[in-house]
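Note that chain A is present in both complexes that follow, paired respectively with chain B and with chain C.
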Partner chain A sequence: MRTIRKGTAMADEMKDMVLEYVIDEYVDEDDDEEIGYDTPLISSGIVDSFSMVSLKVFLEKKYKISLPDNEATPEAFDTVNSICELVKKFQG
Partner chain B sequence: MAYTDKARKQYQEQIEEIKSKGLYKEKRFICSPQDAAITVEYPEGAPKAEVLNFCANNYLGLSSHPEVVKAAHEGLDKRGYGMSSVRFICGTQDIHRELQDRMSKFLGMEDTLLFPSCMDANSGVFEAILEEQDVIIADRLIHASLVDGIRLCSAQYDTFKHMDMKHLKKKLELHSDKRHVLVVTDGVFSMDGDLAPLDEMCDLCDQYGAMILVDDSHASGFIGKTGRGTHEHFNCIDKVDLITTTFGKGLGGASGGCVSGRRELIELCRQKARPYLFSNSMAPPIVNASIKVIDLISKSTELRDKLEWNAAYFRKGVEDAGLCVRPGNTPIVPVMLYNAKLANDMSRDMYAEGIYVIGFFFPVVPAGAARIRVQLSAAHTKEHIDKAVAAFTKVGEKYGILGLDKKGIIDKYGM
Partner chain C sequence: MSNIGSYEERRKDFSWDIAKEVLDWKEGETLNIGAICSDRVCERGNGDKKALIWQGFGGQKKTFTFNDIMVLSNGYAKFLQDQGIQPGDRVCIFMDKIPGLYISFLGILKAGAVAQPLFSAFGDESLEVRLESAGTKMILTTQKHVKKVRKIQDRLPALEKIVVIEGNPDKLKEGEIFFDVEEAPRVEEFQVYKSGPETPSVLHYTSGTTGQPKGAQHVHSSVWGQALTTSWVLDLKEDDIYWCTADPGWVTGTSYGIIGPWSLGATQCVLDSGFTSAAWYQFIQDNKVTVWYSAPTAIRSLMRDGDELVKKFDLSSLRHLASVGEPLNAEAVIWSEKVFGLPFHDTFWQTETGAMMITNYPGMKIKPGSMGKPFPGIEAGILDLNTHQPVKEPGTVGLIAFRPGWPSMFRTYLNKPEIYRSKFVGAKPDAQPEDLRNDENLWYVSGDRASFDKDGYYWFVGRDDDVINTGGHLVGPFEIESALVEHEAVAEAAAIGKPDEVNMEVVKAFVTLNPGYEPSDDLELSIMNFIRKRLSPLAMPQEIEYTKKLPKTRSGKILRRYLKALEWGQEVGDLSTLEDD
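After this line comes the complex of A and B, so read on.
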């Protein structure tokens, strides 16, 4: 059974939203993986560089931003925390 | 000369990094024709060893089949060695046309275009038929050549979870506003031996007005009752819009590939696909031999029937021995080990037992899903398979994994 491990810091709506999307989009229902804000996504193989595009499209639509390819790198997309930092940077 | 010491050092560091990650591909030399039993020099410089080959894509055992070799000789004698041209200038002979027509008939498609390889077919097909206002929706585990082709194309793309029809449906809904939607999948996935559920996929595509492309490289010639491929297996031949496949696996094992499908899509490939326009034609001996392959497998299902029997016999043998095998019904039988080092160590021990198999691990397969991928061939005899099962049993016993399931192996060796 997949589980969400949220951070202990104050509630962060964006982080929760991104985490929920990542789990829905990339984790199988019968997978027992525990995923949190700081779980490596790309380097651990949960998200690969090919399927990362789905996450990029989601972020651009949801937060009405445009992420250039040189910023939407596997490193920047490696954790929910780093993804949210990137989104905030482009939200201005 | 500008290959500076600095450049050399940087490249040496890259190679060392590959080695340090355990991803270095070692040289292995086959000193005999490709077959079920081969002579191998491995590691480089080591004495040659006679081993049984369980890691080739030689599914129908046609790589060294006497009639195929003879047809290659005839092609060489009648049409020469090479074309010295791309197809559309002066690189198309009558035998290229004949092979295309034969493939269209064999696969049940309207038209076919030959490419130098299936990698080239997959690199060229998407950019030829799709533009910015279109979208590709691909299974996440499609072959690397499809991924490259999709990335070369200006169309948008999205992915769905491996063989998850609910997720595909969701993505088809999400992209219903696009001009053309093309769903992309392998017919048989090369690492797991899974069969894509093409009947369900075609129904979904019908429902949402989407086209479907299937790479049937690990299926053409032997999946389906008469070996037409995954679309025959699922009884949806007329619903598949495009098939890409290779002559480098079941269909002879040399090289070359094709795109087969709807007439207009093939015509656009002929006009626009860059690997078709800018790379040499398939060589005449290979074309002539490929026609012979289609002859052989159209006349009789003997080879694909034998392959089916071999695969089932091997699968039962290793399952009965207590190895953890991924379920399936194709000639690709993954013996699951989960741990990369275990997969590597076991494949080395199997080689010492005279069985040539390879361990696969991340990033070729998902992390924690290391395995030895076994590929059966119609060229294997029952005795070959008995020997492979006996070797797996001996090596599996050495590592204490017989009778263990996924959890048991991971508890013992980690992921």
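After this line comes the complex of A and C, so read on.
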């Protein structure tokens, strides 16, 4: 049974949206991993670096932004929190 | 002094028997790669030497000596025998780069079975196609990946055993077997299967332009090619700490991530965690890696993260760097010389060749961007694109070809001898695989285009077919297109490679939609994720273009080359066969 564990910071809509996408697309239904805003995604193997591309496309289309390749690094995509920071930076 | 010494001298007086000298091989020894990479190293007094330094997610670390590798691979071999696995049976290894992958690989070979490693990121459809084709009898996997096997097992009558080697045994389903070799009784001695030079050893699947992936069958005598190239090209010596970043789901990960280094008794490191530049540099620093064999995609990703990051780590242990998977661009060679003080040495070979064919050597001048020169003992040529005769003029682009007969050459495509035959220029229509691979009058054609210069260096130009090389992995367009049309919205599809700064190529799909569907961002994501889950992240289109109609020949075949030429800004060529609008 998968569990969404929200972080201690005040939840915001973007974080919930990204977290939900990650869980829907990258986590199997019968996985019992707890995933929250600070859970490592790339460095823990939940999202492999090739699959990161579809996450990038999701963010670009959802938030009408363009993420340059040199910013869309595995480090920047490693947690929901860091992903949202990146998105906000390019939302201007 | 490098192991190869003078390249020119080595070419003059070459024999593959030199590989036997390098391994100090005695006639009468059993030619079994599983034993050569473990038992034999121990028998030669190196049982206590570190064989594998492994690091996984979350900083987990494990170290295995050659004695550990010998005993644990015996454990796998005995387990296979107890489960009824017979010599020649295909046993698939489907897991991340955990120690069990490396050790079970040797165990399978020791039992006389054929190891069939598959990339753990494959989706269930990619897995099914390859297991079905091979008639695989057993699959070794982990709790993390067994779910994909469960989805397809009912359609695989030959698959008798599903074995989970890591995870929680309580999570297994009925009929599945849990086997933890480290918890099982130690098997100090095992009667290794007495394989010979032509006994099948490893089965690697590779993609082509048409049809489903094909199984390239290798044999135990491939070790001569793998050991000698490891010695001469990677320059591995007694005290080296070697890191091959490739996944053994692909041929580099077995030829040079297992067989090459361990046949020579070298210590190797494995990092099984997601890629970040900092983590890779940290790994080199922590383990004092001396020889590093990586891929252009990774090198370009490191370049992108800049020079300053490199300076934060002590990478002074590095002494030799090499690269494989796709052509290494000149900028990457120059950059590595600047930041590491060492150039990456590009190497060219493929699943079918089993070992390096055209490479850059320690001590030989590197021309950045060049593939290097043919390995001693390899007769390479460039064949005219139309006549298939060897070209003599430097700078002429043609097909890269090799005279057959090197030891690590694949012996056939499993159950597809006619496709094997089609890879040889000059083959008689009824020639059998064993005739083809020994006929020095033929040319084996690699499927890549290149030219050579006046100094004999080869320069890669591109594929001669529609196969997509993304991040050093070959992806077949047919496989992607077949999966695309299974998406409910897609009527027709074409897949091509489009240029990419880091991965060389990424997949781009052109699709026409079924009635009732309209192009949208959500649909694009849905199609991308559909392919990612069914095939693999590598096969996932990174761009989808909606079109009303796909270009086709009058006979209805989709003209990928037309789409590719447009995408790459090239001449579209002869369109006389194009269907009228």
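Going forward, the second predicted complex is superposed on the first by the 92 of 92 C-alpha atoms of A that agree within 3 Å, B and C clash if a C-alpha of one lies under 4 Å from a C-alpha of the other, contacts with A are read in each partner's own complex, and residues count from 1 in each chain.
Please note the rule applied: a residue touches a chain if its C-beta (ideal position, glycine included) is under 8 Å from a C-beta of that chain, and two chains touch if they have at least 3 such contacts.
Predicted, not measured: the structure shown is a model, and the values here were computed from it.
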| item | value |
| --- | --- |
| Partner chain in contact with A:Asp28 - chain B first, chain C second, else both or neither | both |
| Partner chain in contact with A:Phe58 - chain B first, chain C second, else both or neither | second |
| Contacts of A:Ser66 with chain B and chain C, given as first, second, both or neither | neither |
| Touching partner for A:Ile42 - first (chain B), second (chain C), both, neither | second |
| First, second, both or neither for A:Phe50, with chain B first and chain C second | both |
| Greater residue coverage of chain A in the superposed arrangement, chain B or chain C | C |
| Contacts of A:Gln91 with chain B and chain C, given as first, second, both or neither | neither |
| Common interface positions of chain A, toward chain B and toward chain C | 28, 44-45, 48, 50-51, 53-54, 57 |
| Residues of chain B that touch chain A when the two form their complex | 138, 140, 147, 156-159, 161, 164, 362-363, 366-368 |
| Chain C-facing residues of chain A, complex | 25, 28, 30, 42-45, 47-51, 53-54, 57-58, 61-62, 69-70, 73-75, 78 |
| Complex interface listing, chain A residues touching chain B | 26, 28, 44-45, 48, 50-51, 53-54, 57 |
| Residues of chain C touching chain A in the complex | 57-58, 96, 121, 147, 273-279, 304-305, 471, 501-502, 506, 521, 524-525, 528-529, 532, 536-538, 540, 542 |
